[in-house]
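Look for chain A in each of the two complexes below; its partner is chain B in the first and chain C in the second.
What follows is the complex of A and B.
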């Protein structure tokens, strides 16, 4: 077995939390159950990984087989990577039945026609998600297994989730190959990025609780619930608080919000100041970047008004994020008689 | 009675009992909190400032998150002749002790302690350097 393969397997096993190593190796299926029984999974990880490498040596693992373990790891821990969402378009109405073998063949051909040195792995999961792992090389070097891109494609949808590696230059080639393999026409980036792959899926597949314009009758269920706070405390602003809760619920819905870490607004608007101040007399757009970051951006936006830190309703620029399925925006001046700003596609 | 700012909503005027003491809470982490208190002070009748107002600065356990100027707070206390108390609500012991202090002050403001009036709080305001 190649020593690069050995080292790769060793490093991959070291990434896995110790309690999960056995289950992941079982899912991998490369080592037999009998072989797995010989490993002591209670020793330190360094030693476990050495044992695993030794057994893989006995089975003569190659890099493609080793890569499958990496796919399994990333499928269970996708949140360690940053994912971007892309949408494919096709003109015309022909519905082509999706054929996995055909897709795989065309994809490999598409990539390999431009770059011979790539390692490509496919793995399909029950939710119709096709996971593709690509390790990139150059025309003169072997694929670097530590510089990988991941693609997740749900074949019944036009959406593709890509976690590119540092080698951004390979992105156009990757997109081309995906479009050709899936029989679409073109692909565009949706300006939606996050660590949480599931939240991105929730947003584009509209799986989160949405703010339908439902009429909320006087809260009947609440009468049967014991009052939360002491009856001796009287809130003077109760009606305002209730209004805020209601408005918040209308905007954000009742369920948990998809998990995003950033919202970024690139402003190319004119600076509006007191005319007496005469700042920026060149009438040029004031370029400015506003970035919101949070461990869970949408939940924190939802809690701003009830916490008294912002007025309700919040700016639509913030609340439109799940509906517009984007968290990177460019804001330009509205070119009309009325001053204002306008969000560009 | 809790309120986010003054003036109090007029629609509840008839439900409100006599107000004996006003505690203005200033969160050390929020500039907005100080501004809000400063704006609300304008709506307080002058008679309250004879010992029936106090400022409570919260969140002092987290000095590294301090967003307001302490000088501004001291000045506020001086301008309005009212005591400034400090506490950390997240620590139960301090929270309980502060509540007990406020309760004692409230008893005096409401006239429940014979022989002591709210006017005597102004003597707490003198800086020891001036004596």
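What follows is the complex of A and C.
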């Protein structure tokens, strides 16, 4: 077995938290149950990884098989990477019958025609997610297994989730191969990025909770029952509180919000000041960047109004994030015909 | 001269017709109201009879305060609310229901397959300046934009009907595939290979649940997105398999084309 493969397996195993190593190796399926029994999973990780490498040596693992373990690790811990969303377009209207084998073949051909030194792995999961791992090389060097890009694609959807590695130069080639393999015409990057892959999926697949008005009474969550409060306490602001709750629920819905870490607004608007102060001599747009960051941005926005820190309803620039499926905005000066700031598409 | 005279006669005839229509409408209205009064009177008598019966069943109970024969306003309102709710429930169960919103309408399309209710999908439509979709919860692999482009502006009923067909068929196909995976997992090799729309299923299977090999290889293609039965079925077995297996394969191929997948396996 190649030295590089051994080293790669060792490093991949070291990344996995100790309690998870056994389950991941089982899912990998490269080592037999009998072989796994021989490893002591309570020793320090260094030793566990050495044992695993030894067993893989016995089974003569190649780099492609080793890469599968990496895919499994990234599937279970996708939040360690930053994911961007891309949208594909096609002009035809024919129903596409998506054939997985066809897709794989076309994708590999697309990539390999331009660059021979790539390692490509596919893995399909039950929710119809196709995970593709690509390790990039150059025309003269072997693929670097530590510089990988991951692509997640759900068949028959126009969205692709890419976690590119440092090598941004390979992105055009990757996009082209994807477009060709999935029978679309072109692809563009959406202004939507996050660590949480599932939240990105929720936003573009519209799986997050939106509040739709219906007559059919949905079962209300338990927390709607007012908690027993001391009758001696009188809430002076009760109606206002209820209004805020209601408006908030209308905007954000009842369920959990998708998890985003930041929203960025690039302002190219004119600075509006007291004309007497005349802060800026030149009437130029005042360029500034406003960035909201939070471990869970949308939940914190949802709790701003009830906490009394902002007026309800919140600015539509903040609340439109899931619906517009973007968290990077460019705000320009309003043109005379359009009311409000012009948010670039 | 003559023409002016004719015009005058025409105008008069028109007026007379309008007046006649008005009186007809008035009479219709009157008749309707009379019928309603009859209905209400009948209902009041019914309720009176009911109350009398109740009172007779409990002799000695004094009727206190308001006249029990007259149903209280509150009871009437409650009854009205209940019947309206029931009506809305019925609409919801038919599969397509809607509610007027400030800017338009919000439709709810519920899907079902052979008696089992499945997911509901929502569409928030704006009416001004033209009908368009504001928000929705339709899965992204359903060709919503295509259907909207074709029908939304011109025939909204058709739009809803076509969309409902797509969603119901998708829900049906997914239900069949899920049922197959759940109930007959020991007859199938590994997991069913499918795609997001569940319109291409590929799997290897066997007839009995205890065998270790899966000689039959099935590929079901659902070409019609509004249909929950496949348009093309290919069941094959290994080239060196006995002729009897080949015959069974052909029979299965026909069966899958006609019957729901999980039911075909059940038989």
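Observations on the model:
Everything that follows uses one rule, which is that the second predicted complex is superposed on the first by the 325 of 345 C-alpha atoms of A that agree within 3 Å, B and C clash if a C-alpha of one lies under 4 Å from a C-alpha of the other, contacts with A are read in each partner's own complex, and residues count from 1 in each chain.
The rule we apply is simple: a residue touches a chain if its C-beta (ideal position, glycine included) is under 8 Å from a C-beta of that chain, and two chains touch if they have at least 3 such contacts.
Being a predicted model, the structure only gives us computed values, none of them experimental.
Which of chain B and chain C touches more residues of chain A: that partner is C. After overlaying the two complexes on the shared chain, residue contacts for A:308 are found with chain B alone; chain C is out of touch. When both complexes are overlaid on chain A, the residue A:60 reaches neither chain B nor chain C. Contacts of A:240 after superposition: chain B is touched, whereas chain C is not reached. With both structures placed on the common chain, the touch criterion links A:43 to neither chain B nor chain C. Legend: residue contacts after superposition of the two complexes on their common chain; A:100 is shown touching chain C, with no touch to chain B. When the two complexes are superposed on chain A, none of the residues of chain A touches both chain B and chain C.
Chain B meets chain A in the complex at residues 1-4, 8-9, 11-12, 30, 32.
Of all the residues in chain A, the ones that touch chain B in their complex are 233-237, 239-240, 308-309. Against chain C, in their complex, chain A makes its touches with residues 93, 95, 97-100, 124, 126, 128, 154-159, 204-207, 210, 212-216, 323. Of all residues in chain C, those touching chain A in their complex are 88-89, 91-92, 97, 99, 101, 106, 108, 122, 124, 135-141, 143, 146, 191, 193-197, 199-200, 221, 223, 225.
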